[in-house]
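Consider the two complexes below, in which chain A is the common component and chain B and chain C are the respective partners.
On to the complex of A and B.
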């Protein structure tokens, strides 16, 4: 084996440019696979963390008739709760309303949340104000869409529980910046107590956000949706991205493997005398097959080496500084940080190495196995077989 | 459409039983002047957007304040769209999809064809006497006409507008303006009637401007082209089957 390894190495280095072209393209595929998957893993990790911290906590306890995907359900989606019965939960009440910034009408979801909550990262402590108007916090996207600034007042129109219109000015006391579009776009957050008073829905909530210590027991009229169910959307997006991305890098890998395969076919064809000599000198055909397969798979080892030399500095830089992305995806409701820090885990790197080595070895073996059926004498004479 | 707006604003005052006898008398006179058993109207709705002005023509059939049927005549995009109101239910037929949908819940709060009027504004068919208490607030001159100012305050909880103010022409017994208020006292919508003409012996506004005062713009105009009072309207008009005809 050691002899085969040394011979394979010498043969490859001796092949010069041909070897380095194969190694180059394989190394590029290797780097690309790790980069793309690392980027998706980084996105996934950040998106999950941000969603937990800003939106869903450790699950949601929803009123039975609340469907977040059906805005028409909001009108009736409220139910009385007793805070002492739900100490582990942060109540949130949603009502539909309109604001009139600069003479435009914008429909919004008006959300009430306890001022003193600490479960979600929303800066609710700003919701206490001595002013006559209602203090409100909004996200960056909402502020951009409505062209609102901190300290600005805007007229809010809503309906109470009986459907009667009411209107009052709100003051934007804080504009927060979150990667989670679901708690930002077309939404205004005010104090829960204030919203309950405004709408006449005392001690009522649309859903409650669970904290880490909450363990659910069936409660009539409420449905618990677990954290993992709520994160399923992100998982699905990432899984879909991984599949669509894999088409690109698997094609690149296939080209690299095809190059190795061609090289191997050519080697077996052109080096028949050499094969015959190996056998004449006492190597079994199996050992010659191992030698040629070793040569082929050594492309992948060299590709790892080159990929490591080129990739490690790049990956280290990207992992530390991240990659900037436009806000478009967040505006569409996809949770995505404006700067993603790729995560290059051991599992990802080892998995990619195994994939490249195994596939390179297989495509090297396929042409080389022909050697086992060669007539050594004919081979030594260099006759075509 | 225009008819429905007038009905939404004024027709229910027919049996208005306000605490102040004066207000009641005034509203009864207005009702006598404005309301007919059935009506057929042809009207235009002028919707002023930020970039363009859209004119939508329609023909409406109305019976009391419970039944109405409207067919949109132009522009081409809206032609053939029909709307049927029977009591508290509203259906819309769209010829492009050949579907009839019933509007309910929040859909009723949407704007009618992008105007300043919501479907819900057209749906209010309870008598004002059942849901408001009114009094004469005073008198003033509006558009050169002497008017009474009537203030109506909600006497029940489930009304859209807590307070209404109506300006009524003292000579012709016709409302010239109405304002709708939120609970906080914030003015929300204003309706202005103008181009008052005598038609078949009744004083009638040929133009109504309906404006959501919180929004920019000049509001939506309803312009009456033709009106027939108390014509005979076949019963089949007020059926769902007529939507697809």
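On to the complex of A and C.
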């Protein structure tokens, strides 16, 4: 093995440009595979984290008749709660309402949230404005859809608990920027206390967001939905992205391995006399197989080295500074942060290394096996077809 | 004298299309240790086939080929590799130097296969290069050598492990007259000093002039086996 290693190293270094072209292609594929998967992992982690921080916290306690996918359930989906009994929960009340920006009517979900909450990243502290109108915060998507700006007033119409319409101006005190569309599109956030007063639903909420450390015990009338269940959709999306990512992964790897395989197969024919000479000098077929397989795997080792030299500074820079994406991605329906921080985990790097080395070894072994038992006389004459 | 090679009724046939080509036909020969002998004859007479069988690169279709007490036909891949590694050196018409290795590394290769320690290897390689007068070219690549120098490296590579048998297939075919004589003199000297058995395949008269014994082949058969008592050229 040691001899094969020495000879393989000498052969590769001696082959000069041919070696470095293969190594270059493999290193490029190696860097691209890690970059692509690191970017996907970063994107996925960010999506999960944003969803937790902006929307779901560590789970939700929903009133039994609340179905977030059925707008008709909102009307009756409210239930009394006692905040002192639920210190680890952030209550949110949802009511249906309409706004009339610039002469248009837009149906919205009017959400009340405690001004002093810190569980979700929503900038609720802005809801303490002392103006006569109701202070409200909206997301960037909502602001774009309704063409609303910070400081602008807009008429809000809602129903109280008896079903009677009421209306009042709200002031957009803050437009927040979040990657999570579920807390943004067609939604207006106001103070929970304010909404409870407006609707006559004192001490009532539609659902309660669990804080970190919340431990659930069954509470009558409320259904607990765990964080994992709430993240299921996003996990499914991540899983499907992983599959498409794997296709890309395999394509990149296939290109690199094809280069090695090609080189090794060509070697069988181009280096026949050399192989014949090895055998004539006393190498066994097994040693020839090991030598050629070692040469193939050594491409991947050299590629790791080159990939590491080139990739480590690039990956470090990207992991620290992130990659900025244009806002246009939001308009295209892609939910992503304007800056994504790729995650280059040990598992990803080691996994890719092992995969590249094992694959390179296998594609090198196949032609090596073919040549190992060739007739040395024919090989010395260079007559093998 | 120790009998080192013994061929008994050796026949070698190659498949050609639907039939066979008989390269060797009932050849019986034996060689003692330290002989400087050669197979001569026209192309297709079976010279190289005979060398290949003796070198355990090929095996006879019929008959028995015993080399250093081993039956070539019965050797496994591993055993025939071991026989070549330890006891047989090859010199080829086109040198077959390994292109990516230096002269030193080419010569060292045979010793690497024998797992000889580094210091011993270095000493042996430099000694072998001295035999052929190329010690100053140890770090050159084969593509920087002339034809004569290349063949001298091939001799050093074959001799560095001090084999019992050295098989040279048309060693002077690609060399000019001066280089051919220089190489043959070197081989003759090594034959005398190290006691290595040299077997040539050739139709070069320059080589024949150096041989102590000439075996003539025609159509795969031995037509004459002559000891050359009055060599035209002395080593």
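Note that the second predicted complex is superposed on the first by the 352 of 385 C-alpha atoms of A that agree within 3 Å, B and C clash if a C-alpha of one lies under 4 Å from a C-alpha of the other, contacts with A are read in each partner's own complex, and residues count from 1 in each chain.
In this section, a residue touches a chain if its C-beta (ideal position, glycine included) is under 8 Å from a C-beta of that chain, and two chains touch if they have at least 3 such contacts.
Here the structure is a predicted model, which means the values were calculated and not measured.
Legend: residue contacts after superposition of the two complexes on their common chain; A:284 is shown touching chain C, with no touch to chain B. In the superposition on chain A, A:14 makes contact with chain C only, while chain B stays out of contact range. By the touch criterion defined above, A:155 lies against chain B but remains apart from chain C after alignment on the C-alpha atoms of chain A. Touch criterion not met for A:139: it reaches neither chain B nor chain C. Residue contacts after overlaying the shared chain place A:311 against neither chain B nor chain C. Within the superposed three-chain model, A:342 lies out of touch with both chain B and chain C [touch as defined at top]. In the superposition on chain A, A:24 makes contact with neither chain B nor chain C.
Looking at the complex, you find that chain B touches chain A at residues 105-107, 154, 157-162, 180, 182-184, 186, 188, 212, 214-217.
Chain C meets chain A in the complex at residues 52, 55, 57-58, 77-78, 81-86, 90, 92, 94, 96, 98-101, 105, 109-110, 112-115, 157. Residues 71-72, 74-75, 96, 98, 100, 102-105, 155, 157, 159-160, 162-168 of chain A are the ones touching chain B in the complex. Interface residues of chain A, counted against chain C in their complex, comprise 3, 6-7, 10-11, 13-15, 273-274, 276-277, 279-287, 373, 375-377, 380.
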